[in-house]
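Paired with chain B in one complex and with chain C in the other, chain A is shared by the two complexes that follow.
Presenting the complex of A and B:
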């Protein structure tokens, strides 16, 4: 099997690669138009528009972060099977620096607007609802400090630099190995993967608290970070599956990625669908059973004004349907079938993020016609930007780590 | 299995030196049409299923069935236990409360699915069995070391000893041997029966001891297996402790504790008294009431409240008994908007808290009263009927009724700690409705429903 780096079937077909810049451009325009709709149309509030932006951003970010974790965990357990699909994951994570730039509009809502997106950002609101946050003698003062513009910004910079740093570290070493074939690089990545997991989990947990959970500044769930991670990891594996399948459909990697790899990816999708449900239900059960108003209102908001339908969609279509669909081993060994369900789960992940963010921003599940337009434009724009950036990173790089010491093991990989 | 002429063979066993030769031979045997074949290797060999032509196992279906049965068993068990056999409200949840059942359902799903996998695997492999003829050849022990074995069973339709041996030999086998009758005796050795008998007798001893204890008496104190469970080191309310300097077990609120009150705090709403008017008439009493209700700061809080509460209750509720004229400026009307929803809440709370004594109709003939009468309790005083002139709205202000529910009167305890203020007001509204229901004229019934009333009579 030809695994020379110059082999064209190991690269992005040029018609696909050429889409990178147009997709980024169109994506940026759609995103801008989507957010501006919020500023122009009075029927769409700016708060709604920024909520839609945050939804779209969190959606792409969690996929990217999941891919980062996927790469780290492969190095951590020195996995052999996954080498041929690892580069796709690396491309998905390599756009984390771009995602860092795309966070700027959210930071801007803190410094320009007053409580445009996060209510705690408005001093007026805090003074009216939680005067203790401003009272130096109250124990709640710490919450006021934690949720202050400058501390929030500092933490955001910290998270984003950790992720961009990790992504670039693993991507660059892996790319360098394409040329030099040094085994030492694999050893370095393995050695760093342990600390990287710790950095990753802490930063993702706190970023989930800061960026999504603090939309309801009273509400708290220590499980929230894991919930975000579970959804991100699940959708990252789905994105890898869809990505690999599309690359194969375009004519590359036909021999390198086999039904065995799809089988393993499908097992992971099945497993993480269950894991997501496990975490989601655990979070719900504790709050439901404890029945403390400070906690239950969050789920209460998601059971009113039509949000109950969205909640039920998550139960039946984010968990039950894909769970049943991927239960059977024979079906998990059909690449087209697996790819279809992976794409489906990616859609459900969007519903999940929408369900997390939007009820804190708007009472109605859709925000009216203009609300739907805003959401769709923002999401399409963000996803377009995201895919464009991934394609740009993938242009000129082999789509498998051609000199990885475990590549042969992966090529010959066989489930029993 | 056994040929009629001589010692029977069970099949043919071929030994191989490498995985590759085993796989090649397996493929050849498979292609030759043999189906009852098996391979024995020191480690899992990728692709051996395919090479042997083994059909996909049915085990996953057994696992799935086990899982489904587990989930259904758990749900059925919990529904039956918690809502049919012994209906019991836990944490105010409904009897059939799916979220609470899911953790157990999840665990039983996993357990039964595992049982399905484990016992299903044993059953499909026809295990356990006492012996297997393949072990008769001592070389077969190398299957756990560095040799690979391929076995063709004699029950295969295409089996003929010579032909199979030749085919295996041609496929690169290092050696080919027939597997002959296992001479291990099939009977269970006698010693096992003896041991089982002894064990069974020993096992009866604890049962006999327990049975003896049940029918004899002992002067010894009871033996505590789990001492700290029988005598919990945790303190009960009102006890003393050496752990804190003030010796109190019940700890006062930590400074800075955030009081969670109902929406907004309205002293009139909490007491049923027009506090401004009272402050003008009797400032001392107003201040005392306010301090009681508004949770005075920690230093002068709690311990005295109980007694003071009784006093105030007496003073407030004195309208009927000792003090003929009650000057307290009670709130005349219910501060909540009285609508069907509020009355429904009031009815629900009334039936929970009040009806046991006052009766569902409010005539003072609740279940507790009936029972007290039956056992001729000498200390029992019949609860007031709510249908007396002196308790009607024009004689007995809503605020006063509220205050009685809150603080109690005569033998009735206060319910302020158990029922929230808004629910107490809902009960007041319902009591008024109840009173009205006993004095209604036909003209009070909406015109459209009069026919239904007439029919009911």
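Presenting the complex of A and C:
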């Protein structure tokens, strides 16, 4: 099998690679138009538009972060089977620096606006609802400081630099190995993967609290970080599956990624669908059962004004349907079938993020016709930018780590 | 027969691209059979007899204390208002947690194709069952009238005219733990059938042959037997995998569904599961480090196996640390006074010593495993695992006792003190656990011979590949 880096079947076919810049351009325009609709139409409001932006942003970000964790964990476990699909994951995570830039509009809502997206950002709202947060004498002042523009910004910079740093570290070393074939590079990545997990889990937990949970400034759930992680990991594995399938459909990697790899990816999708459900159900059950108003109102908001339908969609279509669809071993060994369900779960992940963010921003599940337009534009724009950036990173790089010392193991891999 | 000549090799070093051997020494299929079977065939050593006598005495004490408890009532425990869940529940959660490593090794590591599990899965599964036995005893006697414990089972009773409360996590516990016990027992026994047949075939005495013969279910090692065996094993692994999460999740619900500050928090399910795996692996190491040296199994349970388990302890210990931190952070962030008090009280209240013992043992001590020297020295590992065992018992102590002793009204506060019966039962449950484990070591194949041979075959195939390549 030809695994020379120059082999064209190991690269993005040029018609696909050429799409990178147009996709980024069109994506940026759509995103801009989507957000501007909020400024123009009073029926949409800036708050809704920025909520749609945050939804789209969190959606792409969680995929990228999941891919980062996937890569780290492969090194940590010295995994052999996954080498031929690891580069696709690396490409998905390599756009984390781009995601860092795309966070700027969220920060702008704090510095330019006044409670445009986060309620705690409005002094008026805090003074009316939680005056103690502003009172220097009160012990609750510390929460006011935690949820203040500058401290929030500082933490966001910290999280984003950790992720961009980790992503670049693993991506660059892996790319360097394509040229040098140094085994030492694998050893370096392995050695760093342990501390990387610690950095990753701390930053993701707190980013989940800051960016999504604090949309409802008094609501809290210790499980929230795990919930975001579960959805991100699931959608990253789905994105890897879809990515690999599309690359194969375009003519590359046909010999390197086999049905065995799809089978394993499908098992992981099945596993993480179940894990996501486990986390989501536990969080719901404990809050429902405890029945304490400062916790239950969050689910209450998601059961009123038509949001109940969205909640039920998550139960039946984020969990039950893919769970049943991926139970069968023979079906898990059909690449097209697995790819179809992976794409489906990616759609459900969007519903999940929408359900997390939007009820804190708007009462109506759709926001009316213009609301739907805004959401669709923001999401398509963000996803377009995201995919464009991934393609740009993939242009010129082999789509498997061609000199990875465990590549042979992955190529020869068989499920028993 | 091919011989994997790996004497004196350090298999904790793995060059990327080559897999380090999992079985060391001049090991062949025959020597694996010999070294495992001989443990059960030779007369017991003095050390074993001494250990067994001590454990069995403690187990008997446990039995006597249970009789004493049933005769006198639960007042002999330290359970008093406001702490009605005292040590018995602490012990229950502790022992259920211990079991989880066995299921993780036999089910989840199997599904993840971690071949190193083959040397340790049998003993770990046995440990699971014995831990479940210890765990199940405590709620059974905690109901007070132990002779009515069967009321927990849902059946259409003609005397009571009522069903158990299906909305109570305490009932879910009955289902969760009994399912767990059943599946673990089946998994353990089914996996042991080929090895029991080996014992049967090697038996020189009639009674022994008959006993192992019954247990081996007529296994003859035909390829049809093996095919069914593999299928059943994979199915049971898939069934057991969710049990690794579900059992301790439901145990965590016992606490988290309530409104008691320090109990009601959503991180409990995954945090309890991580803690259970953490404590379970510590106990596996506590048992395996002496066993491998007493029974001369260092070539099968190698330093690499120990190192891998240390890594799992480091990972799960850090998850537990993250959960402790998250709870503290959210208690502050949530700004609920009772919740804030509960956490300050844990760390600086009358039970501060329990809290800091827990933090030191569970969060700080496993951090030593960042260093390879620590992960590869059996004596150091053994010491750390003892710390982890202590720490995980204290974790449950902190959760159960400190939260109950001071909830909302200061007038309803109290301080829990254990009685001599509490102490005796804690020690006695260890006696029961070790008695069962020692009997297992004496009469059952403590290493999965069949699967370890498959690992060896795999290793040899790879070795010959390398020879032809170079």
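The rule we apply is simple: the second predicted complex is superposed on the first by the 416 of 416 C-alpha atoms of A that agree within 3 Å, B and C clash if a C-alpha of one lies under 4 Å from a C-alpha of the other, contacts with A are read in each partner's own complex, and residues count from 1 in each chain.
The rule we apply is simple: a contact is a pair of C-beta atoms (placed from the backbone, for glycine too) under 8 Å apart; a residue touches a chain by one contact, two chains touch by 3 or more.
For clarity, every value in this text was computed on a predicted model and none was experimentally measured.
If you put the two complexes together on chain A, you find that chain B and chain C bump into each other. In the superposition on chain A, contact is made by A:408 with chain C only, not with chain B. By the touch criterion defined above, A:78 lies against chain C but remains apart from chain B after alignment on the C-alpha atoms of chain A.
Looking at the superposition, the partner that touches the larger set of chain A residues, chain B or chain C, turns out to be C.
When the shared chain is aligned, chain C comes close enough to touch A:190, but chain B does not. In the superposition on chain A, contact of A:94 is made with neither chain B nor chain C. Of the two partner chains, chain B is the only one that A:138 touches; chain C does not reach it. After overlaying the two complexes on the shared chain, residue contacts for A:220 are found with chain C alone; chain B is out of touch.
Shared-chain residue A:256: touches no atom of chain B or chain C. Once the two complexes are overlaid on the shared chain, A:285 sits against chain B and chain C alike. With the complexes overlaid on chain A C-alpha atoms, the stretch of chain C that clashes with chain B is 76-84, out of 4-12, 76-84 or 112-120.
Counting contacts as defined above, chain A residues 140, 285, 289, 291, 416 meet chain B in one complex and chain C in the other. Every residue of chain A that touches chain C in the complex is listed here, in rising order: 78, 80-81, 140, 142-143, 146, 183, 186-187, 190, 194, 197-198, 201-202, 205, 209, 218, 220-226, 267, 274, 278-279, 282-283, 285-287, 289-292, 294, 405-406, 408-409, 416. Contact residues of chain A toward chain B in the complex are 132, 138-140, 281, 284-285, 288-289, 291, 293, 327-330, 414-416. Residues 44, 46-47, 49, 56, 60, 64, 91-93, 99-100, 102-103, 256, 258, 260 of chain B are the ones touching chain A in the complex.
Put simply, chain C touches chain A in their complex at residues 14-17, 19, 111, 113, 242, 245, 249, 253, 256-259, 264-270, 314-315, 318-319, 322-323, 326-327, 330, 332-336, 370.
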